[in-house]
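Notes follow once the structure below has been shown.
Letters A, B, C and D mark the chains in the order given here, with residues in each chain numbered from 1 onward.
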């Protein structure tokens, strides 16, 4: 009974509006601090202060997580945003090896949780999440085509052009070739006059796949509107 | 009663079609004059004439505003276009310090009021205003992502590449990296072979956010059509 | 009665499928001939033959027009495609001064008339014509903004940068600045660190105007579908 | 009766889930092998192994086709995917002359068949196939315009600029001119100050044609949704 009591007390704390504003303020301050840390000020004291502020924010966020987990128990994991926060904070507070220091920046994605409070932003983020599966599908189909065209490009142009000598480089060159003004296509066509067939097919297929993606999401959205309308 | 009489007389003047055409003509002339003032003619007399014409237009616009405010009284501020005109004219006639002279150009935005008379243009401007909140939401979400990726870029590439040494410069370089043909990505990848993961994630997330914005406005528009259709 | 008789005979000729195929074949041949004329063959006889073929096609097209006008009388001008043909042929057969020789190429637009026979192409051309007023509206609104931003750019950057010294050049530079990778923005920002506000506002407003155009045409199209659906 | 028996046995084999997984695994392995073959390892034995694996995959695919054709008889050709497989495998196993070796890469398109099993990918591929006729129509209309503008460009700028000296090169330069930052337009405008009219018309017409294509497919899709909704 004591635990239940303490839990409900903890819940009161984390559900308090002021607590929420405090966390929101700390995330914003943390964003500014991390931004300032990239500047490289001459004043060592100032940099140390910034660094300490950053450590402090991180500590508070970890404590916040622990309180929330204590307050809600297993139900904590039912909220997608809580899991999001937990992952973001865990990743950003991994033991700070030199190459992992950048991960602390991920904490700033918590800003999205507060951004989510305003209706048009929530709308955008919801649509963002809704179109993710379709986007992954497009990426997979586009991936197959790019892989095939990449291998083709290496076989066709790899002997003469350094850009197409290896597969990763060739894939990058293909992405560059989307921009019609790129300096990739003209030299290739000077050696292989029929190379335009290759680049044109590639551009057209990519264009069609991306257009198909747009249509699939527009279609899904119109479909949803019809459902909403028919339920009225 | 005298004032009421004068007010209704003033209202008759400003609501007269010819008065309207006169103002419209003056705005167009002002647009041409401001355009010609950028040319830098050798003939000093001509430039002085242009300058005087510009001053004259401004004076007439201020008088027009005063008459309108007198004619309508407080109701003047109920029309969005009147407020728009007032702001534009006030801003463009601020005491002309050398760096503020450019503000007079804002007067030309009054052209939009007359553009608004033709139905398809009115349509475009209405949609423009309708999608502003969604656009602001997209800008905010995109802003959070760009800020995080900007800080990441400074931490990751800032030591080696001048473009990524400071946050504002890094943000600009990220915008440039949208164009696949830009000269930013290749040198970075020569030093950090895995940098493509960073740039690809950034491009894909930005693409998804912009697509979400498009879908949110298309969705809002289809929703409106359904409402119109159900009211028929 | 003789004239009526001759007219109906003429109408039979021009409405004959074979006559139609002949004209279609001649237009296609003319397209090939005009294409070959750009190559500049060494063989003078061949070039002369091509040139004569081109003259011949033109002569036949003029005769075709005259027969059609005779056959249909004033009703000839009721068909949009007939007027289109007449304008195209008149323009392309104007007395051939050296700088007007290029106008003969306009005859090839007659291909569009035959392209129009296949349903999906007809669909595209119809939509093309349907969105023209909205496109003109967008061009006008965008034009006002570009004019204002062009004058602003000349006032702000014209003293230092040649690209912004005059209005037409500044407008072109603004169009170039749409491409984030362009070499225009960085040098300007090196001198005026706040220039990004100018370029960002310009890009965002242009983006919003173009998006508004897309939405206005999508909206018109969805509206049409609702009308079709409600009539079923 | 023996043949019928054997056919149904063969059908059991090819319809077995494990057989399907085996083929799927082989296609994926083949994709990796073909990718590795582009790397050019120093170890000759490894390359030979890869090459033999590739031959083996091809042999198995041919056997698979033969079994399937035997199992289904003429009904084999009723499935679009079977025909697709047959074409892809036939093309990719043509007698390997040096310039045709690249065709073996087409075998990888068989990956699309398996990609097709996941609903969102199937959706994308279906839309891809659905919009193909509209895309072809757009390509034809755009083709007519580009041909005319290409000939115009050769006539107008061909004497001075190498890029516009011949039709194919001029068409490529026109595609490049879509990118406003391209180095094509400025030099042309330095010689022909009115060239912007040409490039602007070309860009606007191309923009309108592509927009018309988008609208035609969105329209078709909304139309389909209305049909689905009215059948409910």
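Definition applied: contacts are C-beta pairs under 8 Å (C-beta built on N, C-alpha and C of every residue); 3 or more make two chains touch, one makes a residue touch a chain.
Computed from a prediction, not measured in an experiment: that's the story for all the values here.
K.L.:
Which other chains touch chain B while also touching chain C?
P.N.:
A chain counts here if it touches both chain B and chain C, and no chain qualifies.
K.L.:
Figure out the least number of contact steps between chain B and chain D, where 1 means they touch directly.
P.N.:
Minimum step count, chain B to chain D: 2.
K.L.:
By mean C-alpha position, what chain is farthest away from chain D?
P.N.:
Chain B.
K.L.:
Once chain A is fitted to chain B on CA atoms, what angle does the rotation have, in steps of 5 degrees?
P.N.:
90
K.L.:
If more than half of the interface residue numbers appear on both sides, call it same; otherwise different. Which is it for chain C and chain D?
P.N.:
Chain C and chain D contact each other through largely non-matching residue numbers.
K.L.:
Could you put a whole-Å number on the gap between the CA centroids of chain A and chain D?
P.N.:
30
K.L.:
Report, in whole Å, the distance between the mean C-alpha point of chain A and the mean C-alpha point of chain C.
P.N.:
42
K.L.:
Where in chain C do residues touch at least two different other chains?
P.N.:
Residues 179, 181, 218, 222 of chain C each touch two or more of the other chains.
K.L.:
For the protein chains shown, what form does their contact graph take: line, ring, star, complete or other?
P.N.:
Graph shape here is a ring: one loop, exactly two partners per chain.
K.L.:
Applying that definition of touch, give me each pair of chains that meets it.
P.N.:
A-B, A-D, B-C, C-D
K.L.:
So in the complex, the part of chain C that touches chain B is made up of which residues?
P.N.:
133-134, 136-138, 140-141, 144, 147-148, 151-152, 154-156, 158, 166-167, 170, 179-181, 185-186, 189, 196, 204, 208-209, 211-213, 215-216, 218-219, 222-223, 226, 230
K.L.:
Which residues of chain D touch chain A in the complex?
P.N.:
31, 34-35, 38-39, 101-102, 105-106, 108-109, 111-112, 115, 118, 120-121, 123-125, 127-128, 131-132, 135, 139, 168, 172, 175-176, 178-179, 181-184, 214, 217-218, 221-222, 225, 228-229, 232
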